[in-house]
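You will see subunit A twice below: alongside subunit B first, and alongside subunit C after that.
What follows is the complex of A and B.
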């Protein structure tokens, strides 16, 4: 999570790339397919046509936002593992508020996204409180909040938020006028990805290039030094909790607004955890994390095509990010010990 | 009523096994938040072994062995390698969820048909021996931690690793052993799901039970015997929910699902200090 020298970064990247390549080749061979065919099908399925690329970008939005959220938190030394729950809180807020909003579509969208971000920030607050006041590790409380959020979604889509017009466990659909329209007719990609990428840029500028960002980083890197020079540690950490929660909540809101149009159960296949993996691969640097997130999304879209064309199971798209992160963690820890 | 009690015990056993293993590891100062993944590995191994034609008891053993290896692999990264265990655990869940889904598809092919396996035979009260034995595991763990020399070394590794190292103990060895034991118990918990509750494997068959077990450890405030009432409460609530659902009750289903997480959060909030967590929890070995 600390700043690394160019040589170290190169060594870590080399370890990660070789581990990912080995995993890809090994898994393809295990499935009895030619690794070359599998990779070709994967790449074509992820970005071989405008439709495929659009699908990848649509899928990437939520991942990019949770990855930035995780990066911000990690850099300040806050181990927010609860992005999954904060994502769900944002989606619930969007599904709850969406159908009520009147007025222009633009105002409705802004209201919906604000509610989602607020819900995500609020959902992490018990963890921030327990950590600040009691020293309870936020890792434990944020995981517990994930459980409660998943249970909440499950109950709400069968209860208070259930679409009265149907028997399915899902919420009412957002009005078509409110939903984000595709950027290209017939495609799936909307302005949501632009919002996510803009926020990645903004987070990078704030964290890496402003005096305030330096304070945030110092809180995570050298807590004792930060305290000694009088930085308000508690306030900066609270801000990191809230900002990462808000980003995850926004991701949930945008998922409803741009992709699904409603809430259902289960609403996530681990976007919060994969977002953390993207952040780790990107060294908790928001822009690098966003790139990793797009890469993971591409793996996700490409793997369906790969499964169809070569018979290699699409679950490869879940394995490879995990292997990448394990390789990065092992390489970093090894280099850190060598340096010490 | 006996039906309700039997279902409660059946549902509590996998949670108890996984939580008891995780408790051991956390008392030793490491933490595996990828317990869900370890349970999945156990469930899939038991399924694959049973499909290959061996009996349910051998399938259980195979799962335990896979769990030992899983625990050792985790220790290579998070204990000996000194990578942050929380981050390793996050990646672990991805690899395990993807790996078991991948392997299942290779084994079962693209057919949508359900592949059943033979379940464990009942011993008493309609429950298999392994389910009944699960309730003794927290007792064994409690005695081990409080009354044996290796148990004391394990607690030292979690409370004051520097002191353990200063007296000639190896924090890495202790935590690795704890991780191996935790891996085996977690995998056994996952295997029980396949060999008792639903005799087949589906992707994500553990359905969040690994996270529930993590919550139970917190709820028990890292005391083994307190795992039993916690697991019974959660399992009982789930069993009650099945019964109420069958009876057409409209009690919000989410109340039951949310219960373990909420209970653990309240336990953390109500406890003094760090909620009773080991002092060196999650810190690298010296």
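What follows is the complex of A and C.
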């Protein structure tokens, strides 16, 4: 997909944007509002003010990271659909070790994020093992591990991790000194988004510009050839599993560190799944996937403003990504058939 | 094309034969022009439409459903199959079609993806013939057939033609064209060069036309007459005199170079194919051994197991290094092995990567970032040295024709002067010039010290290597045979009628 010609990219983008526009206009008309007003409200709600933009970027952080994780895995041919569960594993690790970490805030943050990334990578290992040794499709095992993780969070916030100081199903809050401070006073956006975007750039460089990245891509594009040519296919696939799990775990850790400060239930509204959608929209290209993730986050924040101002349902925020991804996949499949 | 005729379509690799018939059968869309059938326009949107209209294509690479059994695949292919059909009836069809068309179709319950390429192709051919199509197009059907099966296939095709069908046959074998076809068309670079009745021309004329429409292959004649090329090798020290006593080579190691490849009590574990008998042999640097076998007799598996792609028992040493029994392509390559797989599209190249990227694998240059200029230069050098016709090193490997893909695989595999080259059907499906070029590259490598093990199903091909042959039948190796053994005798050994 990184090799789509410019004309082809344009055709795909045009198809996707017209489909998304059609969905937006259709919903606005159904709600009896002017589509133009709806778009204006959506844009203003997403990026019309520093606060709105900050909210969008704060939301985008976890999405960008899971989108990179999905892109990396997909490019190596690993269908990790369990980013949601790995995100939760990372959040659990952050909530568990966070309150225990003493010392300088910087060291505590580093420890917390390392624990979160490690937990995400560990959470994907059963799927990696089952695939390598028993041929269990990772699509199934990772998605099932999502359910295990969700149930685990639900049990932990009512059990071992419950805040002893309250009755709510939530963990103890991180010390304020450890939590990431907002970049601007009063806003919610923190340096976390910068970490996420830097990782997107790093992942792109790794895949497209390094010898190691070429090996990874070859493994994803032609597993049988990769093995016969003499690439360490099993090791590269294991690495892709671990890296995508670690990125999702890191997303969960940053969510606790920068946004929520603690773990509660339910902790995610599908950030792992939306990350996969962003990866698909971005053609599993980490930078493009990161841009898609920011776009989806903007839709999320903008749509609540749009619902408030124009009455167009906020469900748009979930409909449009779905329509976009379907349109892109359909357009790519059609172009691929023509070109074959 | 007329009803009742067998029309042969000839041309070098990349001439556009497969593309043309794929368009006719609705698998690809034409950029321009139209196809007329019975005076009216006949462009099919997909293969199913074409099949319903009585036009069936047997593709060069079979399109069977891997997870389904032979019996089920044939039921899918047979338009006369009822919607509900008992498993027994489906199994019975396998035997019936095998009998009717003289093709060995294998075990009715075997999964298609567990079968060798040759058997899969035979299933596809049987399925096509089963429907009594009005227009039957076969894309290189005989590349994977034994001489007897080829004869049976031509008899079936003649029967279809006599019943009024038009048969199009793509092939590289001139002998078949002149023995079995009525008319022929010669394609070169997408254009029709000549169409005539077979009786109005000679193999010499067509062979000449094929060559003049091919880019000048420097080593063409040398490759065609590989035997002669190898004879000259016998004059050089360490040449031919050693080849025949390969089993004893290890014993006299003190006076001779160490063997490049040693098999001791070796047998692949492969359960789904024919179980090979234990094999012991050794190859010295520069030696060639050709394994000749009809697909399905275990020769491919032997080669794959040596290359680390299948588990085996016994002992394999490459350059003196024993390889792990579990099969490890990395260990094989680290010991100096190179491998040319039978399925170049699946295992030989990464179709969606560029030529320069393919040629840079498995160890792309660059310390931190890819050294793209070096990759490009390396690719241009290798592709030129192997006579690959390509647009640019940035072109996708999948965009090349079969022959050029095969040359690209060899260009990569022979880049680092391997100690041992294992090549499975290295020239299968290639036109004469490409096949000769591929053979001459392998012979070149052997002259500079590579030991080669080549697997082929074509007796003529086997002889052109000019090296000792061993016929593999049901996993058993024959004694070493002279390259001058008559093809008829080789054919009998391959069919298990002798030996």
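By definition in this document, the second predicted complex is superposed on the first by the 338 of 340 C-alpha atoms of A that agree within 3 Å, B and C clash if a C-alpha of one lies under 4 Å from a C-alpha of the other, contacts with A are read in each partner's own complex, and residues count from 1 in each chain.
The rule we apply is simple: contacts are C-beta pairs under 8 Å (C-beta built on N, C-alpha and C of every residue); 3 or more make two chains touch, one makes a residue touch a chain.
All of these numbers come straight from a predicted model, not from anything done at the bench.
Contacts of A:273 after superposition on the shared chain: subunit B is touched, whereas subunit C is not.
Applying the stated contact rule after C-alpha superposition, one finds that A:146 touches subunit B and leaves subunit C untouched. When the two complexes are overlaid on their common chain A, residue A:194 makes contact with neither subunit B nor subunit C. By the touch criterion defined above, A:227 lies against subunit C but remains apart from subunit B after alignment on the C-alpha atoms of chain A. Of the two partners, subunit B and subunit C, it is B that touches more residues of subunit A. Contact with subunit B, but none with subunit C, is seen for A:318 once the two complexes are overlaid on the shared chain. When the two complexes are overlaid on their common chain A, residue A:17 makes contact with neither subunit B nor subunit C. With both structures placed on the common chain, the touch criterion links A:130 to subunit B but leaves subunit C unconnected. By the touch criterion defined above, A:217 reaches subunit C but does not reach subunit B. Counting contacts as defined above, no subunit A residue meets subunit B in one complex and subunit C in the other. Only residues 27, 30-31, 79, 81, 126, 130, 134-137, 139-141, 143-148, 150-152, 154-156, 158-159, 270, 273-274, 276-277, 280, 313, 315-323, 325-326, 329-330, 332-334, 336-337 of subunit A touch subunit B when the two sit together in their complex.
Looking at the complex, you find that subunit C touches subunit A at residues 28-29, 307, 309, 329-330, 332-333, 339, 341, 343, 346-354, 357, 360-366, 368-370, 396, 412.
Against subunit A, the residues of subunit B that register as touching in their complex are 31, 33, 77, 81-84, 86-88, 90-99, 101-102, 105-106, 203, 208, 211-212, 214-215, 218, 252-255, 257-262, 264-265, 268-269, 273-275, 277, 281-282.
The part of subunit A that touches subunit C in the complex is made up of residues 3, 205, 209-211, 213-215, 217-218, 221-222, 224-232, 338, 340.
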